[in-house]
Structures are given as structure tokens and as C-alpha cells.
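The block underneath contains the structure these notes are about, expressed in C-alpha cells.
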Amino acid sequence: MSDKPIHQDLSAQVLDRMFRQDGFSQWMGMEILEISEGHCVLRMTVRKEMLNGFDVAHGGITYSLADSAFAFACNSYNHLSLSVETSISHSRAVREGDILTAKADLITQTKKIGNFQVIVLNQHHEIVAVFKGICYRTDKKVVE
Amino acid sequence: MSDKPIHQDLSAQVLDRMFRQDGFSQWMGMEILEISEGHCVLRMTVRKEMLNGFDVAHGGITYSLADSAFAFACNSYNHLSLSVETSISHSRAVREGDILTAKADLITQTKKIGNFQVIVLNQHHEIVAVFKGICYRTDKKVVE
Amino acid sequence: MSDKPIHQDLSAQVLDRMFRQDGFSQWMGMEILEISEGHCVLRMTVRKEMLNGFDVAHGGITYSLADSAFAFACNSYNHLSLSVETSISHSRAVREGDILTAKADLITQTKKIGNFQVIVLNQHHEIVAVFKGICYRTDKKVVE
Amino acid sequence: MSDKPIHQDLSAQVLDRMFRQDGFSQWMGMEILEISEGHCVLRMTVRKEMLNGFDVAHGGITYSLADSAFAFACNSYNHLSLSVETSISHSRAVREGDILTAKADLITQTKKIGNFQVIVLNQHHEIVAVFKGICYRTDKKVVE
């Protein structure tokens, strides 16, 4: 019998519903390391086809990883949530073969609005990007 | 003999240098519609593998298109430029088969910092996202 | 009898309700130049007490002017609106005696979320700041 | 004889140079609680003249406090720094008499760009705003 709190199980169900059918996150090669209410950790390895013309990862790669972690963390409460505004600062070049880990955490919330921070680290535990995401919570559920 | 102003030709050379080797922009299927100093227009079609678990385009797709248009517009002056901060607000769902056009334009600049806006439209001329990008200009050139 | 459209009158009533009791906007010396649905223009003159230690206007002065224009434009539809996220890029120093004009305009909206841009100009029509604001619309009205 | 590290003393000298002549931060009633490299804590009390038409603190008040903490933390290394982009999310209403504390900390930096987060708390230790600031470091010094 599981000793996980029921909410964590629900977060896992939401994630399962979202991730299983998320073709782009799967193309990216994202793996789920952690999921719980207001929190998500994802990991991926940067491939050659993800590089831009300067031989570093396209900004869209790091953004996409962070945005997925944000989306899973937002919806982890089982309120269907919409991204309202996201921003990302890229602080260090990402190269082929780098292993990126994105950690999303809730910073503040009101009834309708959630404010998350996602820190993206490389395999040397250096911050490569800082992401902020704001979501709007609808009254719908992700899983019944 | 070309009647294009020389600067536009230089912007085109920079873009050619950047785009030809940009594997991710090419995986995305981006086409270049316009390039000149401080300005770039890109277009792409959304494919099934770009969708998330809610059957709409992953936020990273629209971001990546806008970020490419921003990067090409930043570097169009032939000063190698680094992205300092970008933000995007997604205002309308994007679906499989939608044709997205991203128009990047310089808003303000100082010697070292450029501030760009990118508007992303769908095939019905509706705004699907508003992107803001800030870049830092180094003293290096993109093409000699 | 007035020939103004009724909505513009309502926007003006909302602004009157908000501005009359807005002690800080009045301390700032803001004047209202234009108000209509989704649009507001404010003007102010920078005073000595608004400068920081480098003898230029504190970043909070330009922000406050832009934020007021944003707030009045958000609420102009008479749906009580809350600021969700705002950002500002300062592109040019502002000095004592400068006359600043902030023009707020709706860029995109959904039923619940509005996305506004505010451009702040000085008396030489130079952009001193670009502001973006996102608001959430409640079901309450500002004026009955 | 002081046992403070010399860098902290330099940060304090920079702050002294900036704060002593910062008329607006003084109008706001800001007090300095902590200053060291990449770090600054400020406090202030919200006065009646800082309220907007809904009887809550104008967004510009919280922004100004956070922006001052950001500016002092940016310049604390004694490299004259310019604000490139700032954003703030207001998550809780601030009222007359509230005592606000803004804690600014460096998140990441490159040679030229610094990325700071400022958390603003009220007297109940509740987060009222989350601020992000990006600065560009010039080669000039603040104090010789």
C-alpha cells in the first residue's frame, strides 16, 4: 500500500495525463524526475538537432524544458491552468551533450493566479537559465 | 547590379550565416520572409509532433519561432548579440496545421542594448503571442 | 447633448472614480490627456524630489506613470482588473524638468486576461521606457 | 579596527554614495537594513499619500522599493550598472501602515550582465511582490 499523500498521487495522475500525450516534450526527450503540488523537476540531454547557427542550444530548447516544468507544476493541483506570461534569461551557453535539469517551484499564488520560478541547471550544477511563469487557474479539472 | 542598399545585403549575409547552420530552426521548418536592419519576418507551419498533451502547440514552439526572429533581427546590424532577457505572452491557442508568422522589430536601442518586439500571428491574422526580447551587443562581428 | 459614444463616457467615469482618489498619482502630478476603452494617455513633469543618487529620475517614477496609464486602460471597460505582471525597460535617462507622456494601448485580450503596452516618451518624442502589463479581469464593476 | 571584509566595506561606500543623494528613496522613507556584494535589504512603511484610488498602495510604491534594492545590489561590486529590464508581479494588496521589506539577491551573472531577484514581504512575512531585474555593468566605478 502506498504511503504517499493523496495529493501527490493526484499530481502524478495529472502529469501522466499531460505528459503521455505531449508529443513535443517527448521529442525533446524530457524525463520526469519529481512531481508534487506546485513542484516539478524535468531532465533532458541536448542533441545536435537542437543547436542554432552558433553551435549552442537554440534558446527555444531551454525555454521549452522550463515551460514544460512550469506547465506540469501549474496543473499539479488539478485545476486546468493557462500560461499568462513567461520570461526567461539565458545566462550560460548550452552545448551538445549537456544534461539540463529544470526545477519548477511555486513562489506565490492567489485563488486565480500562480507565480512560478524555474531554475535550469547543467550537469555541472551551473545555472543556464532563470524562468518565471504566471498562470491563470480555470475552474476546470485536468483529470476527473 | 543590385539596387538593394548595402546594409540590407549585410543583414542578409548575417542571416545566411546564422540560418544555414541553425539545425533547430530548420527542424521547426522556419522560412525567411523578410530581413533588414532591426527587422525580420519568419513563417512556419505547426506539425503534429509540436503539440502538447492538450492538443495545442507547446508554448516552446511559438517561443522558438519568435526567438529566432528576434535573434536574426538583433544580429542584423552585424554586431554579434546575446539574448539577455525574453518574455512571451500566449494569447490564443495554436493548433496543428496553423501557419504562424513572426514579425520582429526594433523598438529602442542604446549603444550596447537593443529592445525588440515580436508579434506572432496565425493565418487568420490573429495575434497568438506577443514577445519582447532584450539583447546585448558585443564588439564582435557575425560575418567579416 | 453629448455626441461622445457611451462607452467613452463610461471609461471617463471609471477614470474619474479611480483618479480622483489616487493620492500617489496626484503626488506625481499626473494629468490625463486621453481616455477611452483600452487606451489612456498621461503626462507629468519630473521634479527634483523624483531623482536618484545619479541625478536622473528614479526608475520607480517612470514605472509609476506607466503603471497608472496601464491601470486606467485596464479598468476602462468597467471590469475591475488586477495587475498580474508588469515589466519595464528603461532606454534613456530622464532628468529634472523632463515632461513624460505615457501612452497605454491594449495589444491582445481574452475574456479574463488583457495584455497592454505602454510607451513612455520625453518632450523630444524620444522613447524613455517600454512597459508591458498583463491584467486579470474580475466580474466586479468599477462604477455601477 | 573593523573586522568586516574589505569588499563589504566597499559595498557600503557605494551605497552611501548612492543613497545619500537619492531624493526619491528618501521621500519613500526607505531604510537600509543590509548591504553586501550582490545583496541588499531595504525597509519602508506605506503612507497614506502612497495609496491609489482603491485605497491600496500604488504599484509604483512596491516597484520603487524593489528597484532601489536592485540598484544598490547591482552597484555593490562598484561597477557602475544600468538597469536593462525589470519585471514585477504583485501578489497581495499592500495597505496604509504596512511595513515592507525588500530583499535583493544576485541569481546569476556574466562579466557584463547581472540577474537579480527581489522578494518584497509585508510585516506578516507574506510575499507581496516578486521582482526580477537585469543590469548591464559598465567599466566605470561608482566610487574611486
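What to note about this one:
For reference, chains read A, B, C and D in written order, and residue numbers begin at 1 within each chain.
To be clear about the criterion, a residue touches a chain if its C-beta (ideal position, glycine included) is under 8 Å from a C-beta of that chain, and two chains touch if they have at least 3 such contacts.
Predicted, not measured: the structure shown is a model, and the values here were computed from it.
Of all chains, the one whose CA centroid is most distant from that of chain B is D. Chain centres here are Cα means. That of chain C falls 23 Å from that of chain D. Chain A and chain D, compared by their mean Cα positions, are separated by 29 Å.
Residue positions 84-85, 87, 89, 113, 134 of chain D are each in touch with at least two other chains. Arrangement of the chains shown, judged by which pairs touch: all-to-all, with no pair of chains left without contact. Residue ranges on chain A touching chain C, taken from their complex, read 84-85, 87, 112-113, 134, 136. The touching residues of chain C, counted against chain B in their complex, run 87, 89, 91-92, 107-110, 113, 115, 117, 127, 130, 132, 134. Residues of chain D that touch chain C in their complex: 17-25, 27-28, 48-55, 57-61, 63-65, 67-68, 71, 83-90.
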